[in-house]
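The data blocks that follow each hold one structure.
Shared chain: subunit A. Partners: subunit B in the first complex, subunit C in the second.
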Partner chain A sequence: MTHDAAIRRPPRAQVAPAAVGFASIVTALLLTELLIRIGVINRFIVPPPSEIADSFYRLFAEEHIVRRFLLTAGECLITGVMISAFGIAGGVLMHRVTLLRQACETWVAAFAAAPVVLAYPLFMVIFGRNAWTIIMLAFVAALPPVILKTIEGMAATRKVLVDVGRSFNLTPTQQFRKILFPAALPAIFLGVRLGLVFALINVVGVEFLINYGGLGQLIEDLAERYDLAGTYAAICFVILVSVLFFIALEKIERWLRLVD
Partner chain B sequence: MAEAGRLSGAAPATPGLSPVTLLRIAIILGVLAAWELLAQSGCLYRDVVPSLLAIGSALIELLSHADYYFNLGVTAGEIGIALLVGGFSGLFVGVVLGANRYLSKAFEPYLYYLGPTPKIIFFPVMIMWFGIDTESKIALGTLSCFFPIALNVAAGMRQIDRVLIRVGQSFRANALQMVWKIYLPAMRHPIINGGRLGFGMALIGTLLAETKLSNKGIGFLIIQTYSVFDMPRMYAMLIVLFVLAIGANALIGRLGGLDSIRRA
Partner chain C sequence: MAATAPNADDAILVVDDIVVRYETPEGPITAVDDVSFQVKPGEFLSVIGPSGCGKSSLFNVIGGLLSHHQGVVTVAGETISSPHKAIGMVFQEESTFPWRTVTDNVAFPLELVGMPRDKRIERARHFIALVGLEGFENSYPGELSGGMRQRVSLARTLAAAPKILLMDEPFAALDEQTRLLLGDKVLQIQQQLKQTTLLITHNITEAVQMSDRILVMTYRPGKVKRIVDIDLPRPRNSEIVGSEAFGRYVAQIWNDLREEASRGMRDEESHMLHHHDHQGTGS
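What follows is the complex of A and B.
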């Protein structure tokens, strides 16, 4: 057995708790089903898990959930491209111009704590009730972590690497392309990852709030129709998509750190 | 004379103001001037970018109305209760998961991955469970702040110096005494950090819920200004809200000594 394989295979001591965690969730679902069937929990408030599971088929066949998913994914993708382009450029600029960094870094950090999503009525007035409201709001909310992590990554570049660049008489552009950017890439991706997580949260949230677009609107639609099982199934679907998205981003980030 | 000229030339233009402060002032003035120019230019629909004077008047009017403070009180109450319920349940779950590695491996991954999912989508469920009044907003705020607090506390528990735990055990402290005398004081920073994150999440969750379905609270006032297209008032309200949120965030961090940790 190779060393890699040994790392990848989970030891027995770790498999058991994971199984217990999964079994607990299944038990809780079965218990909920039972309590609903015997009438302890009102089925018009909490639909039985079996009904929710059945509704998944309807989401695909009748509610065009794949098309809605692609719409949400497209909005997230555009936001991701925008935060990467503007966030990394802003971070690099602030790293290069020390005075600008000293003046504005605290502002960017403070802005990261601002509840930007609450300005969605304002964005609706400016951009209208369309995908641009969703994308621009997600962009503004997700930009600060990319800027901050880019600055952090650039500033944390090992001095020896910068000195190597200097000893080769690299121009500032070469120094940036060959030394600073590759060294800061894992930190930059961490920023982009955080930004994408914020983007997804905001995209789905604003879709739900303004009743426009993909998965968020589907939940709002189903809730308005009082299709409880469908609403719960759609919420489960969004959670599943979010979790898979976070896991994929984490794996890419780990791979980037290994490459570094 | 030349020496004096050189000296006076070397002296800062405005004594007492550093270049950073000057740049900050320049940026603020530049943004305000650009805003006013855009407002006066007529390039955008009327009132989408209102003049600074209109926003200033709306701000003064907003802050001088008792009605605003009543709604602020309603929202603050909802956030406060959400933080209490979500905070204590998050603290409890965090302590349990942090103290037991087996339970942590079994359940923490679920918390970790559910934490960053969008919570507002649970609002229809909260309405079904708790009704359309303040309870559903409190429930959404509670759900929003539970995850960051639980995860921070669990991580904080694992970082406690083993020596402190052994000291507690050697004094034969019972479980409650261990929590009260050892665990909680030793992990005050992760708890405060979790509380700060939780506060932000509770604020967003509660206010978003208010914008969706409510007849009181700051979220309701914001969506009302949208309905009647009172843009200066909407800007004024967002400015006050952002200042309050950023200020509260900074205050929690400062009171908890988080700034000093970062500087150290």
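What follows is the complex of A and C.
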């Protein structure tokens, strides 16, 4: 038999959108540089992008940004492992125990929108001024999306796939392992991705607030010294790390959608 | 040669006095009422009826997915009350696993029985070739058309070596040409494997093209209205659609179905009117 219809191929990477995106950023930077140089923007509030670019060297040479980055990355990694373990397990449990889901899902959703970072004094009292305060606060803030997306993924599994499992006489454990979990995996990974983004924001934010640790503390130090170019360079570095982090997670998610 | 109804002793599948009732807000509804028939080994039987005649309920009962029914389903002398390995189901809705390649989809039932990986891949490739999907072994369902995905589902079901292939309108979502060509493929496989097949459908052409016998059902409650023997030569393919004898069978079955389909349409319209009146009174 001939192949009966057009075959859909995965979309190829398109160069044009990336080029336009890059060009927009360059244009915005050039425009900012110009507005600062002609005095429309006060250079004591926003330093010129060229000065910020120059400061990057200092961040590596004098401020040990790589070591600080590794510290922040380590805190994010521990938080990531914790939200994946507890979030997925919690989501699965809430999906399977209807009463628990009915009782708690709204609370978890409400918690996802709460500014948990404001509770940092409480966490400092409990854990002290150390990495655990940062990790635990990020964990609490980043857990809800993982739980919610796990529940959503499990609940959204198409009934026909469950029926296929039933028709092959799968045990409940096989049904979970071979159908429900892989079917829910894209949604679960989306939850983990959101959770990791929340975790990164909270880790850097709490480092800044309690003046301890990696990149957040560096920004706080530079701001205290009124090293504006350095502060902006450090902020740009955090943004760059976030973007790369986000792109890497997105690529892993795409790969997971294709691979069993 | 006309197909003949088998005795219960010869039959591989015996469906006996099946009744399915559902509770609805408007009261209990009998979807299937006293349906009985037998299928003999190697036979192709189609169950045809208008929408709402309980075809899908019957499919679920025979497949063991529906337990709240009266009556008995027996496969090779064994009464079934839950999904049975002798029955392989192909669903109307697209049911491939999107996270598995074509090969891994087809090898799924073999994985469940613990067949070694090399052996199950080899066997899966045999069934992939049987449904005409060579070259797509490592593709994911998302890269295939609807018809190709249905063939993957069919190959997966066949890989489990069921005694009875039970299909619920497997081509319903496909266009007419693809449907006819897939019908050819199913016929070819059925003849090659001598596979006992039970097809649930509302498509008269499809039913006549493939079946030895066609069981026509009434509109709700779904009862057996008539069983028609299809005396068309085998091997068959979609070219038979143009023959005079084919047209006569289609006309004969449509005569039976027209009355039922009209009854279904009237029932649906009066239900809608009642619903509107009720809403109007309510507001």
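Here is the rule we go by: the second predicted complex is superposed on the first by the 212 of 260 C-alpha atoms of A that agree within 3 Å, B and C clash if a C-alpha of one lies under 4 Å from a C-alpha of the other, contacts with A are read in each partner's own complex, and residues count from 1 in each chain.
Convention: a contact is a pair of C-beta atoms (placed from the backbone, for glycine too) under 8 Å apart; a residue touches a chain by one contact, two chains touch by 3 or more.
Computed from a prediction, not measured in an experiment: that's the story for all the values here.
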{"item": "Touched partner set for A:67, first subunit B, second subunit C, both or neither", "value": "neither"}
{"item": "First, second, both or neither for A:243, with subunit B first and subunit C second", "value": "first"}
{"item": "First, second, both or neither for A:117, with subunit B first and subunit C second", "value": "first"}
{"item": "Per-residue contact with subunit A, leading partner among subunit C and subunit B", "value": "B"}
{"item": "Intersection of the subunit A residues that touch subunit B with those that touch subunit C", "value": "none"}
{"item": "For the subunit A and subunit B complex, residues of the former touching the latter", "value": "14, 17-18, 20-21, 24-25, 45-46, 99-100, 102-104, 110-111, 113-115, 117-122, 124-126, 197, 200-202, 204-205, 208-209, 216, 219-220, 223, 228, 231-232, 235, 238-239, 242-243, 246-247"}
{"item": "For the subunit B and subunit A complex, residues of the former touching the latter", "value": "19-20, 23-24, 27, 48, 102-107, 109-110, 113-114, 116-118, 120-125, 128-129, 200, 203-204, 207-208, 211-212, 219, 222-223, 225-226, 229, 231, 234-235, 238, 241-242, 245-246, 249-250"}
{"item": "Touching residues (chain side subunit C, partner subunit A) in the complex", "value": "63-65, 82-85, 87-89, 91, 93-95, 97-101, 104, 108-109, 112, 132, 140, 142-148, 160, 178, 181-182, 184-185"}
{"item": "Residues of subunit A defined as touching subunit C within the complex", "value": "1, 3-10, 158, 160-161, 163-164, 166-170, 174, 178-179, 182-183, 185, 257-260"}
